[in-house]
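Going in written order, the chains are labelled A, B and C, and every chain counts its residues from 1.
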């Protein structure tokens, strides 16, 4: 184990330090220790990345730094003043926090009222607050939606609105908690741009190393409640063995895999751009959609002219910016929604009655696994689906054990699903679906929100499956490693259908629709 | 009892005169609700960079009415309507409410939606009351031969009066609520004496109802994709209970996060109200007009048409 | 079931509004002022919960879940119920405001009673919580039906028939509410038992401001 480097990078003596933590410890009310001995100094203009595994105390540290909770030992100082009850109100107005879920932060009636909330708390009169709010919205490109109610906004718009609410208050320091989860690369680039223009100090918690690399110059590594490293971003990224020792090795994503690794999947797949309409040569496809379209009740066209054929044991990725219709396509595939046009599953046409039975053959793992877990123990969760498909009682217990070991959750039968970590919940959702032995397995952003260790584990579980897989992801590494065919969607249509290899190689395609990404090698 | 008038009718007239009209009414209401629900999704063509109500050209006199006057007047008027006892004044009240709706330029679909919302309870009254009302002197009772079922016409009229009153009051809600931005309307309540926190709580609840509705939809989809379907059995009840439990756990956790976000932006226990307005002469005129109409209705109700000479003096 | 406007005699309607307002104020005073925004957010959750249809033979019913409202919110339950009804009337296009007081009493009093009952007898074991929760849910719904009948009966003998039918219609609902409350309390006892404690929320961490 290398020695722990404890001294901060900014060794300048007594510069105006904006925010500092000295010997901060924090213990939860139930006694669990979250943080111990945190020493950190943030200077003006600092750009710090805060990384660490899920559960290492990053969100708790953010809440301590902005004064939402008080440390059980040590103190946090803002501009030299210790944060304590009398000063919290004033300090909070100088520290901006962007939380992970924008719905938690947008609580005003309209967007502009929400942005003005912080400004009114800063003491501005109504007219000035309104003006500043409109300026902030202009900055994030949302001025045209100022009077809209927040629940009508898309996720990306909500994120920007929440950011506008913070930026309007002109904080000296900005704390960001996982700002890029669920954003597509195009939206990430917009956020990156906004943050680059921010003049104050910045502390960003994230797993997205590439995003952090673009903004932050300094990296603080948190492990089990302690700071293990505090040095430059460049140093962090280049010392791969240190990363691996802390078990959050990002590098598995930074290496270009050899081209034939993706073809580990059985080769009975078709890789043509447009499969022949009659399909005589190949066995009948598992999924056949012809001229499929879907329109929401209010008239918005979500899908149009979809031609999609999926053979058994094929592995397909669907990529596209948020709002392109990917989730709607998944809903239609699993029978939650009914569109117009032809949809054949395993040779049978899917109409009203069959739609209700599709769940027996199509399994889906949602982006937010909490949406799929609703029992009070892991074994009940898995048994729920098994009972619905008619599995005999005697076989249920055995099947549960089998499936739990497939997803590396052995022995978890009596745990409570909600108490599991994010990665464990995702694997549990996968287990519930696998227990029903679906013919088609759909994964909607399976690695979103997971730390690199969780992502690596998930990938290792998936790569050996023989089921037909449909993967929706912004994560190009996963797409490259797991699939051999990629569909690109834009505005409700499938605009490209090629092999993953061709997709990865074609720089123009990758740049299309803001789906840029980089597989940079660490220097 | 002996003075009630009994009309005998053959039993097969029961379905014809009673059941079929009721069924037709029920079907029409369900169809109307479906039509209205489809239309009530907000359109996307509006320009969201300007405050909503300035677009309809200042709207109507009701839009320009001071919020406090509007609330007090319409509330008092609602209670006056609720105290009416006879059918004809109740019908007059419905017409007057429709007039107010038209003046306030309320879209017809919203009017329909309000009217059809309480169809369940009122429908129950309409079916049950005529058959269960006590027979008073002077009543006309239609007895369907052999079944002992007496349809008391007074009961029918009583039910109809209640329905008319409910409709008249429901129709006033739209002009009350949707003719000014919601925060302004709610803060009008607080300027009338309700505590400051009250309007803010309503606004917060309103905002998060939408968030939770989205969550519920996703959770329901999550259950559906594992084969859940609603049936009348224990398994369904258990699943619903789990669903409710998940909803509560998630909502309580979200509450904490929202509160953290509020404090992080400097919330110290007070919300800031939108601006105030002075009461103008036109506002007071509006109050006087509506309340006079209300009093006139009341007089009409209590004294029948003989009351009119008293008003028009 | 909601009482609509125009059903109750005006004196009863006004009296119920006054009583309801008073109880709401009491309930608000019993809540810590910093918790009031939190009550607003969870009211939204209860509101959405009450929109769920539970199948019952050919039709479906909506649950008022007085047992759960009381068990989770304690004294703040009345405020939450009143707020939910106000929301429903103002914003979700459901009736007028004159019957608000009566409806609040009908749904809020059982919630308060259930809350008190649950906290007093919940015991320590999960099974006991489940049983008491179920009893509270069922009894609360029965109480709501009773209050509904009493309110209707104030209209005079003409309304007795309707009152009787209203009670009869509630019988299957009482059973369903009891079962659902029991299961839900069981779920919460395993997953987040801190929600079942008497204070509005679990003891806060060392919070400031």
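Criterion: contacts are C-beta pairs under 8 Å (C-beta built on N, C-alpha and C of every residue); 3 or more make two chains touch, one makes a residue touch a chain.
Please read all numbers here as calculations on a predicted model, not as lab measurements.
Across the assembly, the mean Cα position most removed from that of chain C is the one of A.
When chain pairs are compared by contacting C-beta pairs, B-C ranks highest. The distance from the centre of chain B to the centre of chain C, each centre being the mean of the chain's C-alpha atoms, comes to 20 Å. Chain A and chain C have Cα centroids lying 38 Å from one another.
Averaging Cα coordinates per chain places chain A and chain B 42 Å apart. Contacts with at least two other chains are made by residues 186-187, 191-192, 209 of chain C. With touch defined as above, residues shared between interfaces to two or more other chains in chain A number as follows: 68, 89, 92, 376, 418. Among the residues of chain B, those in touch with two or more other chains are 182, 204, 206-208, 211, 242-243, 245-246, 249, 254, 258, 262-263, 268.
Chain B contributes residues 75, 78-79, 81-84, 90, 110, 113-114, 117-118, 120-122, 124-125, 128-129, 131-134, 155, 158, 161-166, 168-170, 172-174, 177, 182, 195, 197, 200-202, 204-209, 211-213, 216, 230-232, 234, 236-238, 240-249, 251-252, 254-256, 258-259, 262-263, 268-269 to its touches with chain C in the complex.
Residue ranges on chain C touching chain B, taken from their complex, read 1-8, 10, 13-14, 28, 33-34, 36-45, 47-49, 52-57, 60, 65, 68, 72, 83-84, 86-87, 89-91, 93-98, 157-162, 164-166, 176, 179-184, 186-188, 191-192, 195, 201, 209.
Residues 63, 66, 68, 89, 92-93, 95-97, 99, 101, 103-109, 113, 117-118, 120-122, 126, 143-152, 165-166, 169, 297-298, 300, 331, 334, 336, 356, 359-360, 362-364, 366, 368, 370-376, 384-385, 387-389, 418, 432-433, 436 of chain A are the ones touching chain B in the complex. For chain B in complex with chain A, the touching residues are 38, 41-44, 47-52, 181-183, 203-204, 206-208, 210-211, 214-215, 218-219, 221-229, 235, 239, 242-243, 245-246, 249-250, 254, 257-258, 260-268, 272, 274-275. Contact residues of chain A toward chain C in the complex are 28-29, 67-70, 72, 84-85, 88-89, 92, 376-377, 416, 418-419.
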